[in-house]
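Listed below are the structures to be examined.
Across the two complexes that follow, chain A remains constant while its partner is chain B and subsequently chain C.
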Partner chain A sequence: MFRSSTESANHVDNGNNSQADTVLLSADAVEMRFASRKSLFSRSSSSVVAVDGVSFTLSSGEALGLVGESGCGKSTLARISAGLYKPTSGIVRLDGKDINSMSRKRRKQFHRQVQIVFQDPFASLDPRRSILEIITEPLRIHRIGNRKSQRERAIDLLQDVGLDEEVLDRLPRDFSGGQRQRISIARSLALEPAVLILDEPVSALDVSVQAQFLNLLQGLKERLNVSYLLISHDLAVVSLVADRVAVMYLGRIVEVGRTEDIFTKPTHPYTAALISASPERSGETGGAKRIILEGDPPDPANPPSGCSFRTRCWKAAEKCASEKPMLVERRDGQASACHYPEL
Partner chain B sequence: MDPLWLALFIAFAFALTALLAPWVAPYDPIEQNLSATLQGPSWANLLGTDHLGRDILSRIIHGARPTLLTSSIAVLIAGSLGISLGMISGYFGGLADALIMRVMDFLLAIPAILLALLVIVILGPGPSSAMFAVAVVGIPEFARLSRSQILSLRTREFVLASKSAGASTTRLLFRVLLPNSAGPLVAQAIVLAALAVFLEAALSFLGLGVPPPDPSWGQMVSAGKSYLQYAPGYSLFPGVAIAILILSLDVIADRIRLHFSGDENSITEAPTKAA
Partner chain C sequence: MLMTVQDLSVVFETDRGPLHAVRGVSFELEPGKTLGIVGESGSGKTALARALMGIVKNPPGRIAGGSVLFEGRDLVQLSEREMEDVRGSQIGFIFQDPMVSLNPVMRVGLQVAEGIFAHDSQIRKEEVRRRVLALFKSVRLPNPERCYSMYPHEMSGGMRQRVQIAIAVANSPRLVIADEPTTALDVTVQAQVLETLKAIQTDSGTAMIFISHDLALMRTVADRIIVMYAGRIVEQGLTNAVLDFPSHPYTAALLAAAPTLKSRGRRLSVIPGSLPSPLLLEDGCSFEARCYLSLNRAECGVRPVLAEVGELGSSSACHFSKEVSVHSTNFGDGGEDVS
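Now for the complex of A and B:
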């Protein structure tokens, strides 16, 4: 329908396979700064940089995972990519065009192509509306079809996510978290988007339900050829669905590459620490010892100079305090931001 | 028995009586009978007569009309203006929010009766001025309520979901945010209705409402002042009518508020069905 192809963008820095992939969604040095007054009485305001110069590309049919601790800026980045927030600097592009300088009409088209699924299943459905109304709302907004065809489409979508037609006339409060997330996915697929952004989609679900849900995601991706930007703090979740993974720390991407490469040969110490902390995965780094990071993540309003990870890094040296490391390609398709990467 | 039922019954009875006054009232409210003035309750006049021999019961029944009219119209005006201002304030923030809220704060700082009087002074006395006066009194609370509802709802994920599906601002405001704020706003409408009854009575008492000979409760209370010793019913009966109506409306408003604050819109609500 509207999946237009575009020339491959120049993406040397973030390990993308440049074999004629069509880049759908991209971020270019996106920064999001929130200003906050220090106290009721102070006149000056400190700012929190939630997203600090992030760039990524998402190609057609690809699943990009974004991992990091709570507070690293991944949700903010997700919302910026979905067009819900306007970044304080930097550009988000769909099919090469800046989404924040689009006309209202073009912007509406953008929303047809990029959809988002949120973390909290109990807050993401309008409690006063029936499931039918919720799922068909995007169709009504863009005036697609009539009541009858919309209802039929809703039934198809429910089938895609494994729910029965009788769900349509009920209210959200009748459903469990797992069911609600399925409904959210059904809604997000209504417009046949090219890109689906999933912000911690399984974090609020029981572990047993998580696996089912991820299988569903995997199946949908293959069948419908949707691209995913999958955000999670859980490596296991991301490793199941993502083709490539980007690791975030305090608003910056510290490493990015293909999923297998990241998990077997991480070059950034933070990535290594994350992997060793994840019970399922630590075997893959050749039985390396468990890395325990000291200290807490620094205050985003007052980040360390140079490399923001240096306060918890066992390799930290002088250079790390004075110079901010840039994302540099290490091996084919893998890049990290570290002065002393593990190669 | 649950007082809510009694309150509802009274409120409906009042509304019905006001609407059907000419058919319900035993006598013509302005028909004078100078040979039977200031009579106490009797079989002929259930609540007695006033200083011009007019039947008090019929006057109370007809007097419900300006009360109903003023409350309804005032609530309608205050509601639509107040809620709109609150939505603009809450959704757009910034300068608009600051300006609107300062004006609302100013209005709220003035006691209701004084504010109503101020409006009457500007518009001149009369029933329509009374409606506007009460409306002005009611606007700020509606604005504040709807603003706070919008503020708390606009970052909820289901609102963001609609936004990310391409919903226009108008759609977000009227189809998503407003319906989800409805509860407390309905309660406030009834609270304002009760206040409207009181204010209208107060204004009529001061002679600034419905002009004679048409009856209105506040005006009857005022006229009866001079005869409290001989015919207390003249002031008392309309006064009791005012009190009972206000009380009933407040009971209803309270119940509505209670119902909506145990929030069905709460995010932490447990599902009623197992997975």
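Now for the complex of A and C:
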């Protein structure tokens, strides 16, 4: 079901009717501004719009990929979705309830259901705590079980992520990046969350380690029916795991749709450029023309008028400078925000 | 040959004994060509690059053996003064993070000018400025005049990397060594910077050694590639030959482990286990414990030498290189594998 609503410039619904009623997590016209003072001595402050009216839905058991380059707002959106930032405007809902106007008790419940895993496995684990303490911390915070049952749960979780119980008493420094990332996942699964938000989970890992971790993610999704919001700059990683993909550029979703559609039939020029710029392992380039964009992404503090991609777009025309394109459905479940889409 | 590396070894002294980072590496580089060096962390690719640049920190590191012949001279034997002269004039460098290699409190134009002055003290100031602006134009920095007086922090990552390229090629070197030059950049910016590097290479006939962890990237930059594992070259050959028809199980496994835009929903092949300790000098093949071809075969107890295999001209250091294929690396569902 797709609504091209006027009040929320950037709204995307799940394209699949059968899943539409099982929406778990949703964002509605979410906007995030960060105040930035121009200089140390000037009082005048401006603000940077990191996320500019983004809407999405995540259904139960679904993996939604969020791709984009640095500064596009994908990590901010991840943190908003995890309840770590309160958006300047717009609403994030879990099971239909606004997560930012919940009672304390409800809020705690929310954090049980939505967990986030960060990029750097060296920074996200407390170096002085044993693996047992790290994994069972969420259980202790939520007062679930006793010491014995918590330990048993930790062993099960380690098994889920392919680690042996003998690691329980060791410290994070004994583990490689890939193993630490498994430990992070084990901890995030401790409370049996419905949604796992993964912020660049593999970009610190070597290819061979990354492969094991991606297989693990796929296996867990099938086994535990957990939903993923997977943030990555690596298109190949997203295409492997995600059912649907949203492409972000300068704080907005410029294209969203089913993974196969996005990667084989992109309708937004930026999506096409991203795909073209990603080095492919296989030689078959399919004869597609190589797109090399001009210039750098614009400064989010000083975004261009109209379409924010127009400064680098080969299709840009007058209309693009004057009118901000809305997300419009192009095919079943695939929408893009462009005045001159590729169809 | 522009550069001939013979049996080069780099050792770092540690508390736990000598760490053998590079173990007898040999290769040749023709003028104007690009050689890619790929490997994962711990493969020794960066230690090798630093050895070629003559910047292995001593102590704890030292070049334990071998030679690097560059235009008739052995760089390993040169004094620090002589090496300084080679660096910047005959060999240019590009590092991963321009924020570290550029001087943060100096205008970037002057940093490029400095490199030109250092190797030609007679040159007139206006001439240097003119050359810097021309360089900025050739690396496609927008508005060269304005860029000249900018500080590094005022530029984007892509622009800073272009400044580094300008510094590297300022004195028209015969060779540029680039260590992960685009790893810190976004993909669309990476594509631009690679395009610029290639254009400069075509114009000036500069050879390049391009070091990266990204096998796929090599297809767009390198004529030949070297795949490193545990300090040694395990495979080398023409880029397309190595990537399409790998002849070492490690190369094949790496290729199969990387997701592509077409691998949706598939399980990736994994490489079980981890790198052997760099403190050990093993007798047999260093990949044996992780290899899907070794199967406890006795041959693997003897270290394989890099030898030419097949009609494609690739060399492989494997006793069973004939059995290697991209499709033979399936280790099943590696998700439950303990690394």
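Everything below uses one rule, namely that the second predicted complex is superposed on the first by the 316 of 343 C-alpha atoms of A that agree within 3 Å, B and C clash if a C-alpha of one lies under 4 Å from a C-alpha of the other, contacts with A are read in each partner's own complex, and residues count from 1 in each chain.
Definition applied: contacts are C-beta pairs under 8 Å (C-beta built on N, C-alpha and C of every residue); 3 or more make two chains touch, one makes a residue touch a chain.
The structure presented is a predicted model; accordingly, all values stated were derived computationally and were not measured.
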If chain A is used to align the two complexes, do chain B and chain C fit next to each other or clash? fit
See if chain A has more residues touched by chain B or by chain C, and give me that chain. C
Per the contact definition in the header, classify A:Arg79: touching chain B only (first), chain C only (second), both, or neither. first
Name the contact category of A:Ala123: first (chain B only), second (chain C only), both, or neither. first
Which holds for A:Glu165: it touches chain B only (first), chain C only (second), both, or neither? neither
Write the angle, vertex at the C-alpha centre of chain A, between the C-alpha centres of chain B and chain C, to the nearest 10 degrees. 80
When the two structures are overlaid on chain A, which partner does A:Asp98 contact: first (chain B), second (chain C), both, or neither? neither
In the superposed arrangement, which partner chain does A:Ala273 touch: chain B (first), chain C (second), both, or neither? second
By the touch definition at the top of the document, which applies to A:Ile141: first (chain B), second (chain C), both, or neither? first
Counting only touches as set out at the top, which of chain B and chain C does A:Val209 meet: first, second, both, neither? both
After the superposition on A, what does A:Ser176 contact: first (chain B), second (chain C), both or neither? both
Once you lay one complex on the other using chain A, what is the shortest C-alpha distance from chain B to chain C, in Å? 6
Interface residues of chain A shared by chain B and chain C, listed 176, 178-179, 206, 209
Under the stated contact criterion, what part of chain C meets chain A in this complex? 40-41, 142, 156, 158-159, 186-192, 195, 213-217, 219-220, 240, 243-244, 253-255, 257-271, 274, 333-339
Listed in rising order, the residues of chain A that touch chain C in the complex are 69-70, 162-164, 176, 178-179, 206-212, 214-216, 218-219, 233, 235-237, 239-240, 259-260, 263, 273-283, 290, 292-297, 312
Residue ranges of chain B touching chain A (in the complex, touch as defined): 156-158, 160-168, 171, 176, 179-180, 264-265, 267-269, 271-275
Complex interface listing, chain A residues touching chain B: 79, 82-84, 107-108, 111-112, 114-116, 118-120, 122-128, 137-138, 141-142, 173-179, 184, 187, 190-191, 206, 209
